[in-house]
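Note that subunit A is present in both complexes that follow, paired respectively with subunit B and with subunit C.
Right, the complex of A and B next:
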């Protein structure tokens, strides 16, 4: 398939890059990426991937846009308050790039639907805000052999890693079990600076693009941490855990399962 | 002995255990931290009995989930 004149112009800054070129742009246009969570991380990731011309983007989120989301979830605007997040996200993505097919899933992602949900996609972005969802996404992606980008943000800090099947540790290698919800402060006591989502979510989009075009080094076997107050990035080497319950030598997790959700919701 | 902890090389007492280092470094939420020494994970049940050696590279890895649990 040849590019139209409009596509050549729209993606000219990509096509001129040696690492992307027409071939890489074509790969982006053929790619299918699923973003779970249209929040602080998912918002910038979705915007950059839509702008980049990723052909199909799935976005899953059960929630509606709340006024308290707008401080960081830049894909939603003030008139979107009360609207389904996936719909608001789709409108913003298609306003940037009408060529992108956006599939919306306005539902809670759980053990009953995650395997089917990820099956159609080449790469998954974890943009969720809670540990049960993060462990679920990890387990489902490991079991279905899907690459994914994990990230977490809190206050002035963020971190991310990339899982590629057969090439390094999974999230559960590093963190065995979600921490018990009663052991830690509730969401109201925490907080997050808006731009942290922009930085870490954009890094997730960058990992996705690199995976699709097959260039550069991914954060497989590494955790990149960012402390905004210290203005410090660190790349920490991550080993694989031989006894990992899902990707180890004798795994005990053979299908995705749900941990109990904490009562506190964002 | 010298250890490199979270990327910083510093002097520590000989024979220090991982558990003692966690206390000394005032690690946040110590019961949920993951520790690696020279790119190998230390099982959390073994923090007290794992002693560190000169030149060891220690990393603390923290849960970061988003707003929900408030780390």
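Right, the complex of A and C next:
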């Protein structure tokens, strides 16, 4: 496949990089990435991956844009309030890069649909905001042998890790199971600084790009945590758990399932 | 001067930095080790920078010929980059 002059110009800063080059850019253009959640994490990840020319980007989110989202979900704009988030996201992504195919899934991702949803994609980004969804994505990706980027943000803190089948622990190796609902702060109590999504979601985009082009070291076997108030990053090495319920030696989880979702209504 | 047969030719006189180098780099990526690329480029910024950038990528500059019309022909032999992993 030859690049057009316009593509050479659009992606020139990638192609110039020795680690990317024309080959890496072609890999990006052939790649298929699914982003689950078009919120604080998904917004920057989707924008950077679209800008990078990732050929096919799926985005799943059941919600509509709310005014309270706009403080951090930079893919949506004020006129988008009330619009489906996936549609608003697609418009922003295609405004940046019309070459990118954006598949939208305006639905709740649960055990009934996640396996089909991830089947067509090379890499999954977890941009969700709750523990049941994070465990669901982990289990489904482990069972379907799909690499994915986990991340979470709250208040001034964020964390991420990358799962690649056969390399390092999964999210469940590290966290075992969701915390009891009473231990999880309600949406009202928690709050989140907008830029934390920008930082952690951009790091997820970075991991995705590195995975696609096959360069550098991924956060497999490490959890990166960031504390914005202390301005501290920590990279914590984590082993695979032999007795992990989904990726261990004798797994008890053989298909994705849903934990009960703590209800939060403001 | 080496003997060489040109395997591929490109003209980058219609573009400006950094697309000049980008086009040359893409053309080189498509060649096999040891093949030779001829690049027609403009005097000034392109002739100052493109050969240098190509050299930094590890390729071998065989010749830079002045065409006498404000353009040059740069002859490059592709060297597979060892540093690339």
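By definition in this document, the second predicted complex is superposed on the first by the 262 of 266 C-alpha atoms of A that agree within 3 Å, B and C clash if a C-alpha of one lies under 4 Å from a C-alpha of the other, contacts with A are read in each partner's own complex, and residues count from 1 in each chain.
The working rule: contacts are C-beta pairs under 8 Å (C-beta built on N, C-alpha and C of every residue); 3 or more make two chains touch, one makes a residue touch a chain.
Keep in mind it's a predicted model, so treat the numbers as computed, not measured.
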(message) Just checking: does A:154 make contact with subunit B only, subunit C only, both, or neither of them? Give me first, second, both or neither.
(response) first
(request) Identify the partner contact of A:112: answer first if only subunit B is touched, second if only subunit C is, both if each is, neither if none is. (result) neither
(request) For A:4, decide between first (touching subunit B), second (touching subunit C), both and neither. (result) neither
(request) Could you look at A:130 and tell me whether it touches subunit B, subunit C, both or neither (first, second, both, neither)? (result) first
(request) Return the chain, subunit B or subunit C, that is in touch with more residues of subunit A. (result) B
(message) Contacts for A:68 in the overlay, against subunit B (first) and subunit C (second): which applies, first, second, both or neither?
(response) neither
(message) Output check: A:15 vs subunit B and subunit C. Expected answer is one of first, second, both, neither. What do you get?
(response) second
(request) Would you tell me the residues on subunit A in contact with subunit B in one complex that are also in contact with subunit C in the other? (result) none
(request) Could you please specify the touching residues of subunit A with respect to subunit B in the complex? (result) 39-41, 128-131, 134, 152-154, 157-159, 173-176, 179, 181, 183-187, 189-192, 223, 234, 236-239, 241, 262, 264-266
(message) Quick check: in the complex, which residue numbers of subunit A touch subunit C?
(response) 3, 5, 8-9, 12-13, 15-16, 18-19, 21-23, 215
(request) Write out the stretch or stretches of subunit B touching subunit A in their complex. (result) 6-7, 29, 31-32, 34, 36, 39-41, 44, 59, 61-71
(message) Residue numbers of subunit C touching subunit A in their complex, please.
(response) 15, 18-19, 21-23, 25-26, 29-30, 57, 81, 83-85
